[in-house]
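Input: a single structure, listed below in structure tokens.
All chains are identified by letter, namely A, B and C, in their written order; residue positions are counted from 1 within each chain.
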Amino acid sequence: MRNPYLVQISWLAALAALLVALPLLVGNYALSVATLILYFAYTGQAWNVMMGFAGQLSLGHALYVGVGAYAAGSLFFHYGVGPWAGVWLAIALCVALGLVIGFLAFRFRISGVYFALLTIAFAEFTRIGFDHFAWTGGPGGMFLRVAQRDTWDVANFRGPPLMYYYAMLFLAIAAFALCAWLLRSRAGYYWQAIRENEEAAQALGINTFRWKLLAVAISAAMTAVAGVFFAFYYNNLFPEQIFHISRSIEIILGPVIGGVGTLFGPVLGAAVLTLLSDGITEVLAFAGVEMPGIKQVFYGVVLLAVVMFLPHGIWPALAKRLRL
Amino acid sequence: MPALDLVANVVVSGILTGLVYGLMALGLSVIFGVVRVVNFAHGEMMTIAMYAATALFIALKLDPFVAMLPIAAAFFVFGYALQTALINPFITRPEHSQFMLLVAVAIILVNAMLMIFGPDARNVQVDYQLESYELGPLLLDKGRLLAAAAAVIAAAGLFAFFRYTLTGKAIRACADNYLGARVVGLNVKHLYALTFGLGAVCVAIAGCAMVLLVDVTPPLGPAYTLLAFVIVIVGGLGSMGGALLGGVLIGVSEALAGLFIAPSAKSMFSFGLLILVLLLRPQGLLGRRA
Amino acid sequence: MSLLAVCSVSKHFRGLRAVQEVSFDVPEGDIHGLIGPNGAGKTTTFNMIAGVYAPDSGEILFAGRAIQGLRPDEICAAGIGRTFQIVKPFAGLSVLDNVMVGAFLRERHAASARAAAAAIVERLGLGAKRDLPASSLTLPDRKRLEVARALATRPRLLLLDEVMAGLRPTECDQMVGVFRELNRSDGTTILLIEHVMRAVMALARHIAVLHHGALIARGTPEQVVRDPAVLECYLGEETEV
């Protein structure tokens, strides 16, 4: 009888090998698409810690991407401080923010839809705030110096698309490994217990307040790193763009479509979404049609279909089919 | 410090706009209060109404107040259909499932509008928009006054419906007790759909009124959704008076914030208020504790 | 010294006096019953011990330490486990994982928690179902799971909230056997709220009877069953036990 773990691990190893070797197989454009997929797999995984594990629906995760991006970006812009140092400020700020939101919400017993609204409110508040924040460039945005792009300048995180691809691949694998480890640890069990039945969890000695805060903090910290990547990859930051609720929704699309609370869900969802939407844009461009907004309509339709017909996401159904 | 009559005018203007906001929020309050659905597509629906009014005006020179009738009717049908086809099957599913469903609908709607109408602002220019009445130091825009009047009349109508008609009472019964209503023989799914239709009608009327006051762009959709939630939560979920009161409060505070701080910062104030209310008085000003 | 001492606790809810100056104590190693008609205040008293609410007045001492007003998770950490009247399994997790959640209170690492949980699962007769999702269990098995989970936290005192409700007589007898064995081999003290007199009489060595929030009788089962006040308000004159 095949050991299920062995089957899973061999699939994983094959996938990892493929991803590492990918640059040898495809060109720069495909590589940038792959980088995007990995980015969404990563942020989806980070969001999943809060939602899938601890059961708290955050619709304002763009807050952490934005604050992380602006924190590291501002340090670089104003003081020339590289991202390796800047990331620590980004993480510290985002964890602090997450803890504030979490503390307020859990202390005042705000959950479900109200919690989601609270997270949206914080993100929107920050978006408008940054619009008026001159030090970070206000609504006009912040632009980071783009130096040479052919050489690998790891210290300042500048280089060819290949470097960004491997960086994001590393982050995605690290996030996956972290979440896999967390799930099997005491934290993972406690979070799932809280998610399933908070009252029963308390009766088993779990300080649910503290553990929920921990999930929020970890989720925020991970997302902050994504923000730093964002800043140094795209090199321009606009409050309207980076804090916008559409960014928050993009973050959750992967996990919701792939499967909330699972390890593979965010990865699968990100891949499906990005590939299909890119496919659609290509087909339309080929047909000579260019319509702003069509990609998002597509996202909406896919989300609708998944929520209606595969409420637990694609991965659980797929896993059952593949008997994994 | 701006002159007192400027402030007074700004306040009055805020009240009038706030009443239209209130009608929009009323729709949401009714939908959430009865069907318990968090209509995350509420603002998008309002924006569609605004576009519809604009389109009818451009094509048929129809005054928005006249356009209210066909648009409201269409919205009623749309709301009824949405509830029946999409949401009713979801009643037993967990809360965040329903939420996601409407998030998906919202995404589709707002981007469909972007595709169809493009990102540029549209508006309606009616002759009487430039007229105004003088009431002492106050200068009341005729357009704004009529918009507010329409909102109040619609709200009164809805209130009367729930208070005095049999169907209205039946709907309130469903809100209070889903199982009990079914046991008594009420066709709850039909009544839910009816309620959603009525909520949509509120949005339609509010949209037609609003189109006289602001320009339409697709991003208004999510902005109005959030605004509707702020108003409903501040005013109190399930309280019709609360929705109107909340609307007026937000309208006035937005207007004042626009005057004293900066116009773009006004929604910041609304979000700050939402956070405070969620933390300190989640049942809102006029709501009952759940 | 008693393991649990409930000292003159009172609780009212907006004018309704749910519990009035109730006192009783449970010696270590005892199996103690708490009975009475519906609305007598049993559940409220139970919930005060379990940390769901704090009493308005009075004290609750556990091994000499005051525990009234502590949070439910602190109460568990102190050594009191509880089950719920309406069972609350972690539906999406397997039976073993459910019990592991409890075990993690005392074991830091997953491996030792799993081992401890597995032992308890076996002991309560759920071994064959350990990898099944909790949602697939029958009611009696869910009740066993509830007990197993609480046991994994290694409690000195186990609070059972109408654990026999909904069980057929044979299933009830099986549960009684489980508790007797637990009490005998581990020395676990048990406090149970029950309506099913069959179980109370089979298990309890002492019983306290509540009525309208007040304690009306205390003693051994034989004494309580003959107490006229108890017969009048709860058991009925024709009771045969």
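Here, contacts are C-beta pairs under 8 Å (C-beta built on N, C-alpha and C of every residue); 3 or more make two chains touch, one makes a residue touch a chain.
Values in this document were obtained by computation on a predicted structure and should not be read as measured data.
Asker: Would you mind checking the shortest number of contact hops between chain B and chain C?
Answerer: 2
Asker: By CA centroid distance, what chain is farthest from chain C?
Answerer: It is B.
Asker: Which pairing of chains accounts for the highest number of C-beta contacts?
Answerer: Max contact pairs: A-B.
Asker: Whose Cα centre is nearest the centre of all Cα atoms in view?
Answerer: It is chain A that sits nearest the middle.
Asker: How big is the gap, in whole Å, between where the Cα atoms of chain B centre and where those of chain C centre?
Answerer: Going by mean C-alpha positions, chain B sits 51 Å from chain C.
Asker: On a C-alpha centroid basis, what's the spacing between chain A and chain B, in Å?
Answerer: Chain centroid spacing, chain A to chain B, equals 33 Å.
Asker: Can you give the whole-Å distance between the Cα centres of chain A and chain C?
Answerer: Each chain's C-alpha centroid was found; their separation is 44 Å.
Asker: Residues of chain C touching chain A in their complex?
Answerer: Per the touch definition, chain C meets chain A at residues 50, 71-73, 76-77, 81-82, 84, 88-93, 97, 100-102, 104-105, 108-110, 113, 149-150, 152-153.
Asker: Per the contact definition, I'd like the list of chain B residues that touch chain A in the complex.
Answerer: 38, 86, 89, 93, 95-97, 99-101, 103-108, 110-115, 118-119, 218, 222, 226, 229-230, 233, 262, 264-265, 267-268, 271-272, 274-275, 278-280, 282
Asker: Residue numbers of chain A touching chain C in their complex, please.
Answerer: It is residues 184-186, 189-190, 192-193, 196-197, 199-208 of chain A that touch chain C.
Asker: Which bits of chain A are touching chain B when the two form their complex?
Answerer: My answer: residues 57, 104, 108, 110, 112-114, 116-118, 120-122, 124-125, 128-129, 131-132, 245, 249, 256, 291-294, 296-297, 299-301, 303-304, 307-308, 311.
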